[in-house]
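Okay, structure first, notes after.
Note that the chains take the letters A, B, C, D, E and F in the order they are written out, and that residue 1 is the start of every chain.
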Amino acid sequence: MFEFVIDNEVVLRLLDTMHANQLSELTDSCRPYLREWLPWVDGSKGLEDTKAFIEMTKTQFASNNGFQAGIWYQGSIAGVIGFHEMNWSHKSTSIGYWLGAEFQGKGVMTKACKAFVDYAFGELKLNRVEIRCGEGNSRSRAIPVRLGFTKEGIIRDAEWLYDHYVDHVVYGVLCREWLSE
Amino acid sequence: MFEFVIDNEVVLRLLDTMHANQLSELTDSCRPYLREWLPWVDGSKGLEDTKAFIEMTKTQFASNNGFQAGIWYQGSIAGVIGFHEMNWSHKSTSIGYWLGAEFQGKGVMTKACKAFVDYAFGELKLNRVEIRCGEGNSRSRAIPVRLGFTKEGIIRDAEWLYDHYVDHVVYGVLCREWLSE
Amino acid sequence: MFEFVIDNEVVLRLLDTMHANQLSELTDSCRPYLREWLPWVDGSKGLEDTKAFIEMTKTQFASNNGFQAGIWYQGSIAGVIGFHEMNWSHKSTSIGYWLGAEFQGKGVMTKACKAFVDYAFGELKLNRVEIRCGEGNSRSRAIPVRLGFTKEGIIRDAEWLYDHYVDHVVYGVLCREWLSE
Amino acid sequence: MFEFVIDNEVVLRLLDTMHANQLSELTDSCRPYLREWLPWVDGSKGLEDTKAFIEMTKTQFASNNGFQAGIWYQGSIAGVIGFHEMNWSHKSTSIGYWLGAEFQGKGVMTKACKAFVDYAFGELKLNRVEIRCGEGNSRSRAIPVRLGFTKEGIIRDAEWLYDHYVDHVVYGVLCREWLSE
Amino acid sequence: MFEFVIDNEVVLRLLDTMHANQLSELTDSCRPYLREWLPWVDGSKGLEDTKAFIEMTKTQFASNNGFQAGIWYQGSIAGVIGFHEMNWSHKSTSIGYWLGAEFQGKGVMTKACKAFVDYAFGELKLNRVEIRCGEGNSRSRAIPVRLGFTKEGIIRDAEWLYDHYVDHVVYGVLCREWLSE
Amino acid sequence: MFEFVIDNEVVLRLLDTMHANQLSELTDSCRPYLREWLPWVDGSKGLEDTKAFIEMTKTQFASNNGFQAGIWYQGSIAGVIGFHEMNWSHKSTSIGYWLGAEFQGKGVMTKACKAFVDYAFGELKLNRVEIRCGEGNSRSRAIPVRLGFTKEGIIRDAEWLYDHYVDHVVYGVLCREWLSE
């Protein structure tokens, strides 16, 4: 029912139970593409796993600990973006996201991500937003770079991806930087 | 972040923690008016109670058992509308609502309520929506009447309102009626 | 161990784990009969489901939210009667019941139901007791009629019964009516 | 609502929320008497503690782990008897009980206790029932002796009673002994 | 990581998840021997059950309700010893233990048990420690006898062991006795 | 009872309830010193908070999610070291620690930290250990430097410390690096 309209093409909606079918189909439509950088793909085997994921994101929202949104592009679900968790003590959060193969290259995620950062600083009054990307994942890294984040370091062997470790590049942006832009 | 835009003046938003201040102030601004028909007013003494209420509504949402939305009118929070609970087995729900004193008489609630019924039948695929109103609460009763609900009965002494019992008029509408309109 | 003796033939007992076998057998003995009006029959497939049901009713009792009693007729378990839940704020409750096919027509349920209403008003100090029956379920509707309840309305499509909706007739009785009789 | 009628004078009822007032008053009426042998008396300061105790006993019942009954003598609540817990693996349980000062010496507890042992062996199909009494508590020890229990040992310093340790005499009876009597 | 070194050969370690494999293998290595006196052997079918057991013991520790230690002899896990539960109100506890067949007769358990009693009185400031043994289990009974416990009674049919009941001999030692030795 | 003996002077013990008094006194003895870099000092007001902290660490241990150890120096509690949490999927963890003012400069923490890293790689079979230090906290930063960790980046405004943000330097070491040393 509730949505965040970015423009004529891109809409964000808080993930809800009724989105499970579409989201599960999107995942199925490009598994080899997604699993190149996403560690959860093999474990999410079908509709039931997607439902469980959505249920978990709703509990996250209920706990005031962030939330996950579906991204719709021209009426089709195209991906997911969300806050991993909220650190209210230190006023920081981090953002994660993914897009189906066919929705790449249209600027969708940059818009969605900008909306999330705006919300984090403007409404949630946070001080810091972080994005971590696999070092070789150039598409993902392009987003924080484009949005003016600062590269802060490289966490070695941060993630086990099916059969090898991946280093994470850490990007951060502070409220005072974002608002001064 | 997420909202349902009804028109230029009326917007619905899933209640979230950050709305606690505004909602608490709205309640405080017209307590005598609200307590005429709402049994929770005296028990909701201030910001902490409003926060606890909102937390409860988020848990309701997380349980896939309905949700509560704040109603904004010209940028100010004006009231609340929500599904009391979801009966998925019998595909039915009921709607409750209230509006601050100064927002009465502008058609706000009829629009919000219509949006909720549309959503219940269109998106949630329910079969029946119910609204119960205090028998003497003419403003509240006008909403389902205006939206074409059928009066189905009167539940006597349905509610204890501080110092007396109130009879409830039950209004119902079925999916096939709503869509044929 | 504990029981409510109505007369030489009819005894009520708080449902307990040791009743699971008898209750499961009673259900099995007349499934086609029961499923005409009871939505839970197909889902209660055997002893394990009956045990789970009884466990649930004991939790209901522990939560001070009503209870379920088995009805014994001449030493055999004949059916179940119980309070659906307790609304202590509004001092109201509703009663549900069912009887095995062979125990019909002996006045068993009218006696059991009268005992429950007596208890609700006399001991629990409630103000209102409600009974809802399927509109076409004449045997069930005869009970509140016989006990002097008032017909208050008809809730359309209130219940999904395997393959069709059933309208519910709402009957209510108030403490002042019951005691004045 | 439910009760176990022992004779014209003595009735047992599963403890329920509505008994809290009577039970609290009984405790208050003879605190010095009760605290001579009962370790919980000082901690049970009034109605709220009695309510919490009753709630706990209802949860015990819901967990199929035994239950507590109030004992009524000539219409007044006189004491409490209950199973401490159920050991279903080893088919054993133990019984605890207390009586208000003015209800002593009438054979009330012997009757109540006999009913509990009958129930443990006859209905619950247990194999062993145990009763532990403070060594110097002659009134309490008379019950298992009268009912034919066997003295099995003395547990030294078994209980801390406000300012000193008390030894416990262990009495036990087995199903085959009870039924052969 | 943490251990209690008794001497060059015997070491105790708080049971942790990483010990599941060794402990499961020890159980498998002498099932017929263990099941002569231990009621849990048949129910512990393999690694998963051992993991569940260890998880349970860690929860026990987290609840400040006692703990279980593995016993290592010359670097191999040899058995388990632990506090069944802590009765902080009455300042008492009881100890249970078992040893694999090949580790018998080396004085291992007497040393481990002495360390536990020392800890109960010296660090936990308890007043009473109890050990219960199957009446015919002479190896087990030798431990408390050797450590100076007093035989306090015999609990008849205390335990159901697969196909028969076992009487338990109760041994107890008090702090003042232990320290005066 | 259980401990990890590093040398004649330094011993680690899994934090347990009985350590609450000593740990609370240690905190009280050097609050101004500790609060320079530790965000929890002002919130830990006395014994009750320390007990709650220890209880939380025991739950962490029970959840197989890391643990916290007290550090004893010449028989006195000197500080705390622990794993923040365990990321078993990615085989990584991070270590946090603090020492009372008077225990600085004796090499205590370097030894304790080395023991934790040894345990993480040797026993827990992890792949990566991380330590984060406040940028200006030279004493803390000296530990990972001394142990051969690699500086991987600086997380800006990572922590809110009472009245200002602190940047965190991230140090990491991988299993293959540690073992090759």
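Note that a contact is a pair of C-beta atoms (placed from the backbone, for glycine too) under 8 Å apart; a residue touches a chain by one contact, two chains touch by 3 or more.
Here the structure is a predicted model, which is why all the values come from computation and not from measurement.
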- Task: Compute the shortest path length in steps from subunit D to subunit F over the network of touching chains.
- Result: 2
- Query: Which is the least count of steps on a path of touching chains running from subunit A to subunit E?
  - Reply: 2
- Task: For copies subunit E and subunit F, work out whether under half or over half of the interface numbers are shared, and give different or same accordingly.
- Result: same
- Note on the structure: subunit D and subunit E have mean C-alpha positions lying a whole-number Å distance apart equal to 32
- Message: Need the CA-centroid distance for the pair subunit B / subunit F, whole Å please.
- Response: 51
- subunit D touches at least 2 other chains through residues none
- Task: Please name which positions on subunit B make contact with subunit C in the complex.
- Result: 39, 89-92, 127-128, 130, 150, 152-160, 165, 170, 172, 174
- State the interface residues of subunit B toward subunit A in the complex, per the touch definition above. 1-5, 12-14, 17-18, 55, 58-59, 61-62, 64, 69, 115, 119, 123-124
